[in-house]
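Just passing along the structure, written as structure tokens.
When the chains are written out, they are named A, B, C, D, E and F in that same order, and each has its own residue count from 1.
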Amino acid sequence: MPALTDVLAALDALWPPERAEQWDAVGTVCGDPDAQVGRVLFAVDPVQEVADEAVALGADLLITHHPLYLRGTTTVAASTFKGRVVHTLIKNDVALHVAHTNADRADPGVSDALAGALDLRPVRPLVPDPADPAGRQGLGRICELDRPETLGEFTERAAARLPATAQGIRASGDPDRTIRTVAVCGGSGDGLFAEARAAGVDAYLTADLRHHPASEAREHSDLALVDAAHWATEWPWTELAAAQLDEISDRHGWDLRTHVSRKVTDPWTAHAAAAAPFRVFAPDPASASPA
Amino acid sequence: MPALTDVLAALDALWPPERAEQWDAVGTVCGDPDAQVGRVLFAVDPVQEVADEAVALGADLLITHHPLYLRGTTTVAASTFKGRVVHTLIKNDVALHVAHTNADRADPGVSDALAGALDLRPVRPLVPDPADPAGRQGLGRICELDRPETLGEFTERAAARLPATAQGIRASGDPDRTIRTVAVCGGSGDGLFAEARAAGVDAYLTADLRHHPASEAREHSDLALVDAAHWATEWPWTELAAAQLDEISDRHGWDLRTHVSRKVTDPWTAHAAAAAPFRVFAPDPASASPA
Amino acid sequence: MPALTDVLAALDALWPPERAEQWDAVGTVCGDPDAQVGRVLFAVDPVQEVADEAVALGADLLITHHPLYLRGTTTVAASTFKGRVVHTLIKNDVALHVAHTNADRADPGVSDALAGALDLRPVRPLVPDPADPAGRQGLGRICELDRPETLGEFTERAAARLPATAQGIRASGDPDRTIRTVAVCGGSGDGLFAEARAAGVDAYLTADLRHHPASEAREHSDLALVDAAHWATEWPWTELAAAQLDEISDRHGWDLRTHVSRKVTDPWTAHAAAAAPFRVFAPDPASASPA
Amino acid sequence: MPALTDVLAALDALWPPERAEQWDAVGTVCGDPDAQVGRVLFAVDPVQEVADEAVALGADLLITHHPLYLRGTTTVAASTFKGRVVHTLIKNDVALHVAHTNADRADPGVSDALAGALDLRPVRPLVPDPADPAGRQGLGRICELDRPETLGEFTERAAARLPATAQGIRASGDPDRTIRTVAVCGGSGDGLFAEARAAGVDAYLTADLRHHPASEAREHSDLALVDAAHWATEWPWTELAAAQLDEISDRHGWDLRTHVSRKVTDPWTAHAAAAAPFRVFAPDPASASPA
Amino acid sequence: MPALTDVLAALDALWPPERAEQWDAVGTVCGDPDAQVGRVLFAVDPVQEVADEAVALGADLLITHHPLYLRGTTTVAASTFKGRVVHTLIKNDVALHVAHTNADRADPGVSDALAGALDLRPVRPLVPDPADPAGRQGLGRICELDRPETLGEFTERAAARLPATAQGIRASGDPDRTIRTVAVCGGSGDGLFAEARAAGVDAYLTADLRHHPASEAREHSDLALVDAAHWATEWPWTELAAAQLDEISDRHGWDLRTHVSRKVTDPWTAHAAAAAPFRVFAPDPASASPA
Amino acid sequence: MPALTDVLAALDALWPPERAEQWDAVGTVCGDPDAQVGRVLFAVDPVQEVADEAVALGADLLITHHPLYLRGTTTVAASTFKGRVVHTLIKNDVALHVAHTNADRADPGVSDALAGALDLRPVRPLVPDPADPAGRQGLGRICELDRPETLGEFTERAAARLPATAQGIRASGDPDRTIRTVAVCGGSGDGLFAEARAAGVDAYLTADLRHHPASEAREHSDLALVDAAHWATEWPWTELAAAQLDEISDRHGWDLRTHVSRKVTDPWTAHAAAAAPFRVFAPDPASASPA
């Protein structure tokens, strides 16, 4: 069995920490570099439920996409829920390692896995990394569909192929418009509207879109928007990453056992459709004053 | 018919601009203070579709909840979508006035209207305004239900009573837990989780919740979350505000004609439920590695 | 007749907006890109009097040197004097376009026009633009006189040749010193004293000099200072710019009618010379104590 | 003869340093607290010419209104003009003391002296000091005229009564409008336009007004503006201050000899009126294009 | 045995965390609030050697004066020395709690213990806490000696009574001057020179004084300085704090076993006196040039 | 005799001011550039005692390593101790010039002189200046010993060879460990621990080390630390610099008389060793509770 430090070196080669954003906090959160690693669990979120799963599984290493501490802490006391995760992991000899924006930018990276889950063909990054002369690394992916479909069909495809969540998929735009090219960005992508417009794609699929950015994007151009659960857009990467580590393990003869958590850590557990049409939206447009 | 300046004085008495947040931009965006006002339209968003509605209606004044320019601009050229709105309004003699966080904090305010739409009984503000000795002004409202219901029932109530939107309602928590008290906050309320926990309510209904804040709130305590469309949580206020201006108009003998826009300016126009269960969430939990 | 968007493209080629200072706000302030342009007015200041002149003239486009909004605004309500200008222009279909520090730096630019009005020969920029390999663009101009004259004569030349203003011309230095080279900078040039000293010129002509910068410059070296009305130093550019647009119009067969505003928008309308010598400056220098 | 430290204590009682603005640098710039003081010179500017006058006069203490170093320095080497002043003063045992915004705010202060020179009756501060319950300290003064006069007459009064400078007096507004009340502020007063408008005075006399603030003030309201040399608006205070120190000297039996510098340290030494009307301001308003 | 949460409540009553400085990081660093506490170790520094001592001792709680993380961290991996401490403590069920500037300001606090070790009589805080009406809480202590002694004698007293360290005690000032009053401040006290001067004490004892602050303090006034090892000035507090917790334990019948670490965590382990006089300081003061 | 300006030009060639740190304040603090220079004194600190020595010596120029004013001042009044130094120097025609971090980085520089005093062989800078292609300029020096010695022996060497100070030398680490390579940095070097570790040296000698940085450095790695008086680590440079100026003087035929101050301006004047072992460090480790 390899030592943790050897596995970490392999992970850092896949997702070099220096490629993470300045504000990000990637790398090893807890664990002893000399410990032996036999079993590895991949997940999106380092929440208690996932830490418990790692313990139950007998994992020596938990690799998540999201940082446990994005901003620095001066305490890991178990009276906080994050400190409880740290105690659980250290007490049970489970190391925690994070690959976040360095995995977003990698080739293949988070948005490649997302494109793969949706059966889209990635063409190039939405925001190419200036340091990559090959032009394959960067945030988001511009993708092509094998054959055109309507926005309505594309939305159904997202609902069918992404991991199922209670919240489902939201879309904005004429359901009959034709979609030939799509920009995708795993996670919260509301900072890349200008790039999606500049790319000239027909639609942009990402997560966590709020009223004002989405509304302004829709006023600004006719780019269709498709919004999925943040977790669902990043989960496909855990399968990709596990396969990458499997391949490395085989190459080194490490005999690692890799696992992918299937716990849905999207916080939303139920969805209710609105009654349509709502009563105040009366069919009589002439009726104006609410009296 | 009153002059615009007279109507604005009445609006400023309802929603004093100095009660708005420091970062906010409330007040009159365009219009001539000496113009006569006969017809007024209320809406949530100052988008082109709403500006066109105001023109079609012959309105002299459009009152919206959201600012057109939250950050300062040095141009209103019609080559931008916001400048196009300004041109439409000025060319057609429609003034635009904004009541945003000053309306949020008022008594009655945006969250009172939201509570009313949901048939909840507001008890006190979630964040009381220190400047109000009566303790009735402030952000959000802590509310009581007439009789306890489950989270599932409460979510259905929100779906049934709020203006219908394509995105519907999301909820997080055990659907069978009992809900007796609820904090509500119209608009994006993810800055008030700590206050909702401190208030000891069973659930918190607001809008625009993203993965990380919602997930951390759920890890932090068992507070149930209910998330509606931003627009849907604020629309009830337009009816309340119109009624308030009607009452003022009657008192002054102004004979104003007030209208409430029924255009759904929530950007989301379609929703697709996920296929459940998604195939990778296989019934066999023993299968670990994705191979 | 060309569309506004075509005329703006020509103006942006003359004075590329990206050459403006970081803090500046150049470009189109109001107007519809699809409107037709037949008549254009040039002026220094976008004040109400000038907006009224544009309307009276039937202009479709007003081009000014000074921005209407240098800092961003969230309102163009006509209750403010700038909002009144916006209403006047939009109601009367007059677009407003600003060329400010991008025109200062152009070749030919504002200081070339100033030098031309003074019959000086521009040799090179006072602050060359590092991005211009030809070394002709930049702020201010270093100029040569055809033949040497005294500071007194140079001051009289400025008074005679610049557009007349009530405030006239101020000078600092020995009136009999010989002037062979002059730095000129249209507008407020008190940030360029060090450059003028480094250039080794005999005098520096600019505007808006206040006590402390001027006094310190005079203590620092013997550079003579000549101060004119801000407006008067920039007005010559409006004639130059109009001629440039005429030439473009001819080339495209646009048949534009260009005009230059002759309204003096320098705020000062009267000047009174001091009584000399003032009584406390008694002829008896021996008298020291005011008793 | 008193020690410098005793004289400074008296000056600090007249103009308490803690009443100066946060950004200001008042107090003693050089000098030995134990030195004896027999002769004192007052002046507006601590320039070399004034330092030389102090030396020629045999002064032990120079008191100026303007700081020598408003921002901190790490060198007083005589290779800089300010360091040359320091060397001159220290070599000749002349202390330098500054009373700047603490003298502006005092009662009586700089603007009282200015009002006195203009024969105006100060009524109250333009910006009252919140720490003064009597309401007499603060920046600027609101003044009444003994009897109304036109703006033209008031401008002539300023020209006749303020210390003569080459630049004279500028005015903005209808020369025939009646002036009954005036706000005055010695030095650069362009930060107090809003206060002058709020005070409802007919005119505002101050110094160092530049194009943009003055132009915007004139667009904003009909407040007349009168602009004098910065030095001339502050010189009257040197006579007032000398008289105050004379009185203190008499009271303590110090037998000080106080002097007031009559050197005009306004940097402008010549003025040339514009030729009127300037040729381009042709009588024919129909001629539009400069061709 | 009490739960950790009960012991922490008692500690927070002794040293309320809200009295710590804004920049400080006090409170619980690791540990489970529900764990039982039987044995407690007090120490100055949370270093590995002390963590190992806590484990060897079977302690359930380690209380230190210095924070482990003064600035936030995003990792506690055992590849860092601080993370190694966290792993050691969590693996061995030892909680870590920090009382730093809240203990400095307490009554009795760190400087009281320091005064006690030196046999000085604390009179009042050096920087009284404005929130304490009794005037007993605050940083540092002003102390009186039972009878006057020379600075030399006082320095010897410090060397004899403080915990022994290799670096010993440094002093600055005339060894024969009389010391009647002393300000003391446990830890790095170079921010309180002005307060010590204002208090009019004869000497100031603190730690970690560097060249520039100490040199400037000596140039500024004749205040004598005495500098001890940082650790040695704070160690006396660990005995005081242990006694305080013993008393609480007795009162509650908790039967806690408290211990005080005697490990010297001052980093300096050896000291060498300079050869005196150094050769370049030749007895011939006339020899000036090094040649 | 050369003029001051000529000597300064030579000094600026030795220690170019533009190589100083951004926050530093090097160059000429007082003096007249036209004065004649015959005698020069070098010292570490520009304190009153050194200024008096310069006057007594008849020096025309004092060159110190430390700035008099590191942060800007608005006063040089003799009521402050720094202003007293300025008055002393200007009254006695002594110029003051500072070479601080520009001398630290020079080749040879401050750390070369320190290495020389210790008989170490400098190999390369600890922090090479990226602007020096030869790789010889920069902060600190990595040095080799002629033959290995123990840390104890190296500490004794430092005590014997550096200028004697009361505080002596502190060391941290196993006294028997072998030292082959040492990093040295004159002055406060606690910002360069990471560079010293990266260089792989056995020990790091510098000054002004405080508890927290030193303790953390010792926890972080086994790098031995040696701490001398700040003044003692920089004094050797004054001899080096004097020799450099002597050589320049000879070359120009200036016939300068250079002197090096032997006044010990380290503030510490006495040291007392701790009684060992301190009583509370009893031999019985079983005794735990302080009772």
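Everything that follows uses one rule, which is that a contact is a pair of C-beta atoms (placed from the backbone, for glycine too) under 8 Å apart; a residue touches a chain by one contact, two chains touch by 3 or more.
Note that the coordinates shown come from a computational prediction; the quantities given were computed from them, not determined experimentally.
Annotation: the chain B:chain C pair of sequence copies touches via predominantly the same residues, more than half of the used numbers being shared. The most distant chain from chain C is E, comparing centres defined as mean Cα coordinates. A straight line joining the Cα centres of chain C and chain D is 29 Å long. Chain B and chain F have Cα centroids lying 65 Å from one another. Touching two or more other chains at once is no residue of chain A.
In terms of which chains touch, the assembly is arranged as a closed ring, every chain touching its two neighbours and no others.
Moving round the ring of chains, first from chain A across to chain B, one meets them in the order A, B, C, D, F, E. Chain F meets chain D in the complex at residues 5, 25, 27-33, 67-79, 83, 86-87, 90-91, 95. By the touch criterion given at the top, residues 45, 47-48, 57, 66, 81-82, 151-152, 155-156, 158-160, 162-173, 175, 187-188, 207-212, 214-220, 225, 227, 229-232, 239, 242-243, 246, 257-260, 262, 264-278, 280-282, 285, 288-291 of chain C touch chain D in their complex.
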